[in-house]
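Please find the structures below.
What follows is a pair of complexes built around chain A, which joins chain B in one and chain C in the other.
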Partner chain A sequence: MAAQVAAASRSGLRSALPLLAPAYLWLTVAIFLPLSAMVFFSLMTELPLSGKPWAFTLENYTAFFSQSLYLTLLLASLRLGLEVTLWCIIVGYPAAYVLAKVLKGRSREAIFLLVILPFWSNGLVRIFSWAMVLREGGILDTALNAVLPFKINIDLMYSYPAVIIGLVHSYVPYMVLTCYLTLQAIDDSLIEAGRSLGASRLQMLKRVIIPLSMPGLVAGAALIFVPVVGSFMEPRILGGRTGTFYGTVIEDQFVAVFNWPLGAALSFILLAVVLVILAVASPVLRRAM
Partner chain B sequence: MAGVQVSNVSRSFGAHKALDDVSIDFADGGFYALLGPSGSGKTTLLRQIAGFDFPDSGRIAIGGESVERVPVEKRRIGMVFQNYALFPNMSVADNVAFGLSVRGEPKAVIAAEVQGALDLVQLGKLGGRRPHQLSGGQRQRVALARAIITKPRVLLLDEPLGALDKALRVGMQIELKRIQREIGITTIFVTHDQEEALTMSDRVGILRDGKLVQEGPPEEIYNRPKSEFAATFLGDANIFRGESTGNGIRLPDGTAIFAGSGANLAPGAKAICAVRPERIRIFTDAAAPDTANANVLRGEVSKRIFAGNSSTYFVERGGQMLKVIVQNTGVDKLAEGQEVVLRWSPESTVLMAAS
Partner chain C sequence: MATTRVLEWLGRLYIWLLLAFLYVPIIIMALMSFNVSPFYQLPFEWTTEWYASLWQNDQLISATWNSLEIAVITTIICVVLGSAASLALYRYEFRGKKFLQALLFPPIAIPWLITGTAMLIFFFGVGIGRGLFAILLGHVALALPYVIVVASARLQTFAPELEEAARSLGANQWQVTNRVTLPWIMPGVIAGGLFAFAVSFDQFVVSYFLSTPGQTTLPVEIYAAIRKGFTPEINAVSTIIIVVSMALMLLTARFFKFGGEK
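Up next is the complex of A and B:
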């Protein structure tokens, strides 16, 4: 019996192989090989391409522990990831709810398009346009001073809030989309049933809607948290001097200092930390889902 | 518990009049069926009573208190949905407990009430299950237990048995009726199934195009329909068209049909007579008894459908196909093509204005 089942699943796999092959071939070539090369680099003293003599070493990894700077920056990046994820939930979840449950037809399509629009614009353009908005004498500053009777000075450029604003803007569509999908799957009659039993809107949200949309929240959070922890473009451009994070340090190793081995090692430490965080969180998340 | 009064309620969606000046009095403790084809406004009416939607005009009172602008969560009603609408993230017991726990009742009280409600619907041992682990009939019972645990003033059911298969549906009809009697709650029940409406309810309201066509006890509507629509929607009917003679009609070929009841119509007005297929007796030519004080028509059997306990004969008469249902007594089998005499009493015939 078990052998039969195994045989059946084997033959299922064989027939599925042509469907799986392109994706896995691509992943092997595009991700696995470069990553393997990076693992290799992270264990070297020098980049072999430079022609200098090189040897295997663990120094790039021990460097992380010998200088407290790296740990401090990693913690700052994790905090950044948490804060951006939280803001994306605060901003994105209500929008997803309105899209899924309140709007219908044309107006839903129009609002949906506005949510997806950031995806269609170049990331760098997006960030620089935030710079135009946030700097002193920029759009926000000028507009507020034109409206308000008293003089205020808005200069958010090169600050932590600017980094948060830029990152939330870049990543909030993920939260809206994943939450929209799970919220849309909730039958309207569930909400009506809850109301007929005397539940207030807040009670319905807490006891039915949020629990049922938890898979979307978790998926959105994972999609946002992981890249934000390693982000470097937004912190560098919008954060300036205050925008030094773990991701910008890694970027520096690759593009400024040309210490690829250290950059690779720092990347793998980040990967390991993120995987540990997801592993620790997964039982909790699975229960929530 | 409380009665429900719906007075002159209208509701439009754009140009579509979903409810057009509907008034019904739902007596306290009664079991009421709202019957109609899809798009007749029956569900719209139920949603007005529930408070999911408000009428454009008119008044709705529950227990004498005007509620037409009160939102559903404040109306103290219980509702059972067609798709059950159980919360999939909660156990059966938590589903049933929901209405009490959102009120902040103490846990011990809730636990006792939940057990009582689950026992009432005969699911006492399944409190720990999840909704997806239950059969359709069991989910239906959970939905019912959840709706009645808060002791609502009215129980509203939106085609609650529509998703069940026939055998289960009949069982649930009896069960629903038993529970309704046991707690004595005013119950309003939307259905498009005429048999369900006839067997379960004390009173039936028939809706069509947003209007209440007729309303009353099932026997009354069945025996004394006031319109062709009521006659044909609730049960089967043979309809004859002609001119009113005051106590019946005259068919275009001159044959008179006498009606024992129905509308008062001036002679000469366009009118119809309706007679139920099971009220017509069918005889072979020779066996026809004396025809004094009876409606008599001659025809030819065009088709016979055997249905076990009864047979349905389709008899052609003057271009019209008449339906006759005969109890299977084991003797009177008539062949197709045979000349027959149809005979029924005026008391079985209802006169009404042509629509």
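Up next is the complex of A and C:
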């Protein structure tokens, strides 16, 4: 019996292989080999193809640990990721709740589509649109001064809050989407039962709704946190000189300083940190499912 | 129950505030592309001169063509390779299948900064170098997992009895695939294709690391322009991009949701 199953699964592979091979070959050449190559190059003094002599070294990694700059920036990026994630929860979770439990029928469908539509549009362009709003003499400045009786100066551009606003704008649809999916799955009769047994709204939220929607919160947080830690374009455009983060330093190694081995090491460290965080998050996800 | 009504009303208000937060900057950015003042000064005066001057900007136009070309080729390759792979994953049982399915997630989950720099190093190392071909290689790899996931989701709703029925009625493997299975997964494949187009057309990070001065895509060109200084021309281009990609996503939503699920 086992032999039969094994034989069947072997023949299954034989039939599947021609269909699978092109796709997985492509992924190997363009994703998996490059990621392995990055690890390899991060252990070198020079790129082998640059013509200069090269050798294996741990220098690029010791650079990370010996110069506090990199660690500081990585921590700054992790903090940025955490803050953006928190803001996305604060902004996105109530919206997901209203979508899942208050709105009904066609208006729910339409608004749901409207909420997730922007995140399929170009991220770069959306960040640029915030530059229009936040500049001194920009729209926010002009609009507030037109309404308010006193003169205020709004110049958020090139500041930390600007980076946060831009990133929250870019990533909050993820949180709405994942929380909506789990909130929608909560049976309304469960909420009614709790209420009729005398639970207050706050108690219901704390004891029933938030625990049941935890998988959505965790999934959304992972989807937001990971790319934000690696972001470089948003801090560059909205943060200006205050927008130096771990991602922008990696970018610099590749497009400005041309120290690719160091860039590879910094990238790999980021990858490791990200993988550890995902690994920590995944059991929470699986248990909650 | 008055409290409930007040809370519901507040909830609706909140949603509209969120929508304002999401759309107002984009709308302002788009409006500014029709404003006369190159320094975005108000009052607003209508003009289309920034769109007209786009036509004079050869660099932007060639970058736009590159973006479109790469997106179209990416879509075609992803649709072909992606439907083949999802069909195989659906139809056959074999050892290591779970592993192959799990391999689809790293390309989606790993930040593009890491993937992009890794591609740069590797392509440079093996002699492919940078440029449009490298960008195409990268885009296909980024979009392919999405296409496989979307097409597989559609296949989950497929009844294998249909294939068996066709076979028992004398259809050969090719006919079964061509006349029964493929028409069924078509909405998934189309949605996946539109998805692939959007991933490629909007892709900035990976293109950025793989482009060279002559061979860039539109987002890379826009990034360079933003860093040089803001001009309403960037607004004009951005407006076009945002309209195109939102229209594409609306199409995708239509195909994926209403695509014959009866």
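As a convention for this text, the second predicted complex is superposed on the first by the 245 of 289 C-alpha atoms of A that agree within 3 Å, B and C clash if a C-alpha of one lies under 4 Å from a C-alpha of the other, contacts with A are read in each partner's own complex, and residues count from 1 in each chain.
The working rule: contacts are C-beta pairs under 8 Å (C-beta built on N, C-alpha and C of every residue); 3 or more make two chains touch, one makes a residue touch a chain.
No experiment lies behind these values; they were computed from the predicted model shown.
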Which superposed partner A:Thr142 touches (first chain B, second chain C, both, neither): second
Touched partner set for A:Asp187, first chain B, second chain C, both or neither: first
Partner touching more residues of chain A, whether chain B or chain C: C
Partner chain in contact with A:Asp252 - chain B first, chain C second, else both or neither: neither
Which superposed partner A:Glu234 touches (first chain B, second chain C, both, neither): neither
Which superposed partner A:Arg195 touches (first chain B, second chain C, both, neither): first
Contacts of A:Pro211 with chain B and chain C, given as first, second, both or neither: first
Chain B versus chain C as contact partner of A:Tyr24, first or second or both or neither: second
Chain A residues contacted in one complex by chain B, in the other by chain C: none
Of all residues in chain C, those that touch chain A in their complex: 8, 11-12, 14-15, 18-19, 21-26, 28-29, 32, 40-42, 77, 81-82, 84-85, 87-89, 91-96, 100, 103-104, 106-107, 109-115, 117-125, 127, 137-138, 140-141, 144-145, 148, 198, 202, 204-205, 208-209, 219, 222-223, 226-227, 230, 234-235, 238, 241-242, 245-246, 248-250, 252-253
Contact footprint of chain A on chain B as seen in their complex: 50, 52, 71-74, 76-79, 81-83, 85-89, 98-99, 102-103, 146-147, 150
Residue ranges of chain A in contact with chain C within the complex: 8-10, 12-13, 15-17, 19-20, 22-24, 26-27, 29-35, 37-38, 41, 47-49, 91, 94-95, 97-99, 102-103, 111, 113-115, 117-118, 120-126, 128-133, 135, 137-139, 142, 169, 172-173, 176, 226-227, 229-233, 236-237, 247, 250-251, 254-255, 260, 263-264, 267, 270-271, 274, 278
Touching residues (chain side chain A, partner chain B) in the complex: 187, 189-190, 192-200, 203, 207-208, 211-212
